[in-house]
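Shared chain: subunit A. Partners: subunit B in the first complex, subunit C in the second.
Here is the complex of A and B:
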């Protein structure tokens, strides 16, 4: 289930732009037209296959939530969303974790991206590689590593004053361990979006212009660079939110019950339709968020292009 | 390289350094400049700066007088921007000093330098409208919002964009953006104004307009200004004095007219305006030179070998029809009042000669001609 949420995010947002530029340039003649229609056929097929690939599972999922076998169509599953036990704590935990992850990712990456941009462009490769690393480490391996570390800490920290801190870090209401794991997992995409936003700016000139106008270096970064990174930061936030909402493996193995884990648990505990209904709603909400985001950035892009 | 020397120098010939109390400046215009109305003296002393293997500045010495517009002219990569950035505080010299009114500012951080800068690339803050861009510095100084906006509007008026305060940078043309950047640079009433090729990204017509306007403003405000450019026409037409740089050093710093008429080095001679090289031979121990059947005194002293090139401006080449010299007109280019002839000497040297269009009409391509030089001291350089 978790996987559905996360993968659908990336794919659902995409098809829209590719269909938008559908009709080819008007005024094409003879042979060109034939070629065009062939291309359109090709496109249509690809679109159809891709569409089926994503729509069929979602469609059947939807069917599962509204089909109440003996009686037929029913929206009960959706009504139960508001009453089903455990959903709100799980969602709350996920949102809290997402917020924490976003803040930490900002704190880690924004200074890093700025520093790389200003200080040493050569360091960029190092930072990029480091941030990409979590992509090649399987989540399950990451989790196994974390478990090992936790076990070791448990065995060795007990007599030390750090033990309380160690236990706090695993507090089920706000598991810092999970937060840290999510930060690591968010790094690849977060770095990319922030770095792209940064590259769209002439950071050096903007900073110098600000300094020339009496702003110290730090103040220049806060007053000039950050406001212009807003779109990239928003992007990062949404992607991180989507990731945290959909993450199952780490949370489940470490024994926490955020949103995605709750859905899967509920599913196996016989609350099938409700949990699936919840995931459909969450899918729709995230999809809407991403749509808003892409429309927003498109509008920005058009405004920039006018210049 | 297509300078019409007459028009290029005429603007600069207008009596320039606008004194601190330039009564011709309207009161409203003078208001935003109160702090800066006394121009500062700027001195670069032995500035040296290397980037790895590149030497950007190789012992640069230069003095900019109060209230003057000094153009830093030189080919791309000769260190102009580096010099300017040292004054703005974005670059520190390996050795040497930057003095403003005799005070060493080398250690002062950029944001306390009191030097307004206009950058080569568009540098307006994209998230702020024009007014807030101009008011940015005042905000950093904690000036109140009302006062800030009043001053910003004043400055926008000064740069000719009084109605553009609410526009964002992406809604402004390149020329407008640079005007706003100029207003922003002036907002804190700096003691020095720094312009780093502010016009190079603009198209020709806007460039000419803005050039004149920058000059007008600078004279009204009487602010000491350093204007970096690689365009010699721009430098000659705007500046009180032009400093020609080459490979991190100062070659010559003089008024545009002097620079053009009496270039101190062969580099300056060829970089500023168009210059012919005519082979000649030194005689009388280097005091005279023989060429084209003439013997002319050498300008300055030389330590060169006998085989030299004589440097001559196209307008100083005399061309007459006929004669036994064997030179031939190979091409003509109409420039308006004058026409530029390309003449080939018997030894293969190609020369450019500017004649009045009336005279040139008698000398179409293919005409056999005689080339001579006026009886004046000439500049020589080692043969290439």
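Here is the complex of A and C:
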């Protein structure tokens, strides 16, 4: 899912062309006001309808969380966020998994992306295909495959010394099984984001310059390439965080209780308002983080352009 | 996706450097082989075999046959229908919204819409399901205020689910089409205007033909995304629309019939076949649009 979002997020960094061609052609033909108002009607309608469609559900959800029918307005749902049982362990598990996923994605993809940039076109095809493969297998199909593998291991590994490892991989405090699945799910998007970030750099020249100054290749990558890749790495981290925090399919079917599963379970267990409050807060917080990130990355880009 | 110009220049690498470069890819390939390849192969194998604890498994076509009959077939067709319809609507709506955002003078609007789209498209379906239940569910605010239930409205129907799916598909379309819209050159529009074309003629003869591959690519992407969606429908307790993902989840967690898992694996294989067909259409389209929109 969400295979192309990376490239779109990267366009945030470049100055919006909208400012350039906003009033341009229409204004040039004279009758500025007439031209503008004709265009803006259509655009305004589209934005209004879209705004209503996207904001009304969020608004009514917020209303639902603060409207306590008989008494009226109350912030109880938000106060309970800090006391409701099970939320913090679930959130902790999700954040831990997110951190693990991000680290593993970096470790696997950054060397690969550098190699792809320096290597032959065939290497690029192989890596691109490898990272696109998970898109063809829907998450639920991957889950079905994983549960089949787990069943096989359970049936066949019991007498062997591998059984302890197998059980460790399913430890509810840190399920390695989930970590592996999440990394697979994050790969397509992470590869596109990092690859697009790398494309903006002249990797070969940077590396050769560093190596001519006596740095080893590994050191050159860590001290020269990675700092230049910061924006793409941050984007990858945030999208992966959003993916892991919201992930429900794999975890719920394999029987783990991270954040999203806790929300759904709690909701059906009658803790309605709290779980809805938690879910809407998490959504808005993630959005704010991404917005701050995109404004920050544009500032940095502008600052660099001035130097 | 254009190939990087650097890789086209004749490389003057020493052999060991090239080898070192290739080694950097090995961990990634190994990881995908284990974490993705093993479950995928297990799924394909399980789809064609029986499962009896303690006995060796046997080859059978029974699972696949079962997965394409009765309620399972209804679910598969329901998923395809829902995905196709919601993707179609989202392509049109997403294009309109993206065009409105791209041509807007407010840089902040662009940032807000892009980041919000990134969250909605990636965050998954749980908050989404809650938001719609609070708004348009049986006791939802709009439902009760506007007495929508008296007009036959139900969120848990096919139409209701379509409306919910648009909430993450339109943002996905906005994200995927904005780079293409940015790629439409201003000169093309000016050239069309200088030749006396109206706005409609410009869109009909210049912009849309250039955009067509990315619109089709977007449709395929959205279809795949809607087809694979599970959390939204699962979190909307009481939804009665048959979906293949719900059926697989039920069969996997049922524990009643040990062979149900293998039917779930067969249904997963059906999904993979459909998703693969969709991707096979997607890749060449992506290449074609890249030719114009560099």
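Throughout what follows, the second predicted complex is superposed on the first by the 267 of 307 C-alpha atoms of A that agree within 3 Å, B and C clash if a C-alpha of one lies under 4 Å from a C-alpha of the other, contacts with A are read in each partner's own complex, and residues count from 1 in each chain.
By definition in this document, a contact is a pair of C-beta atoms (placed from the backbone, for glycine too) under 8 Å apart; a residue touches a chain by one contact, two chains touch by 3 or more.
The model shown is predicted, which means the values in this text are computed figures rather than measured ones.
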item: Fit-or-clash call for subunit B and subunit C when the two complexes are aligned on subunit A; value: fit
item: A:210 touches, of subunit B and subunit C: first, second, both or neither?; value: first
item: First, second, both or neither for A:224, with subunit B first and subunit C second; value: first
item: Contacts of A:246 with subunit B and subunit C, given as first, second, both or neither; value: second
item: Broader residue contact with subunit A after superposition on the shared chain, subunit B or subunit C; value: C
item: Vertex subunit A angle, Cα centres of subunit C and subunit B, expressed to the nearest 10 degrees; value: 100
item: Superposition-derived minimum Cα distance between subunit C and subunit B (Å); value: 5
item: Interface residues of subunit A shared between complexes with subunit B and subunit C; value: 202, 217
item: Contacting residues of subunit A [partner subunit B, same complex]; value: 201-202, 205-206, 208-217, 219-220, 223-224, 227-228, 230, 303-304, 306-307
item: Subunit A residues touching subunit C - in the complex, by the definition given at the top; value: 1-5, 7-9, 11-12, 16-25, 29, 39, 42-43, 46-47, 50, 53-54, 56-58, 60-61, 63-64, 104, 107-109, 111-112, 114-121, 123-124, 126-127, 130-149, 151-152, 155, 180-181, 183-184, 187, 189, 199, 202, 204, 217, 239, 242-243, 245-249, 252-253, 260, 263-264, 267-268, 275-276, 279-280, 282-283, 286-287, 290-291, 293-295, 298
item: Touch list for subunit B against partner subunit A, complex; value: 88-90, 109-113, 115-117, 119, 121-127, 136-137, 140-141, 169-172, 181, 184-185, 187-188
item: Subunit A partner contacts - residues on subunit C that touch it in the complex; value: 3-4, 6-8, 11, 18, 20-25, 27-29, 31-32, 34-36, 38-43, 46, 51, 53, 93, 96-97, 99-107, 110-112, 114-127, 130-132, 134-136, 140-142, 166-167, 170, 172, 174-176, 178-179, 182, 186, 189-190, 193, 221, 224-225, 227-231, 234-235, 237, 245, 248-249, 252-253, 261, 264-265, 267-269, 271-272, 275-276, 279
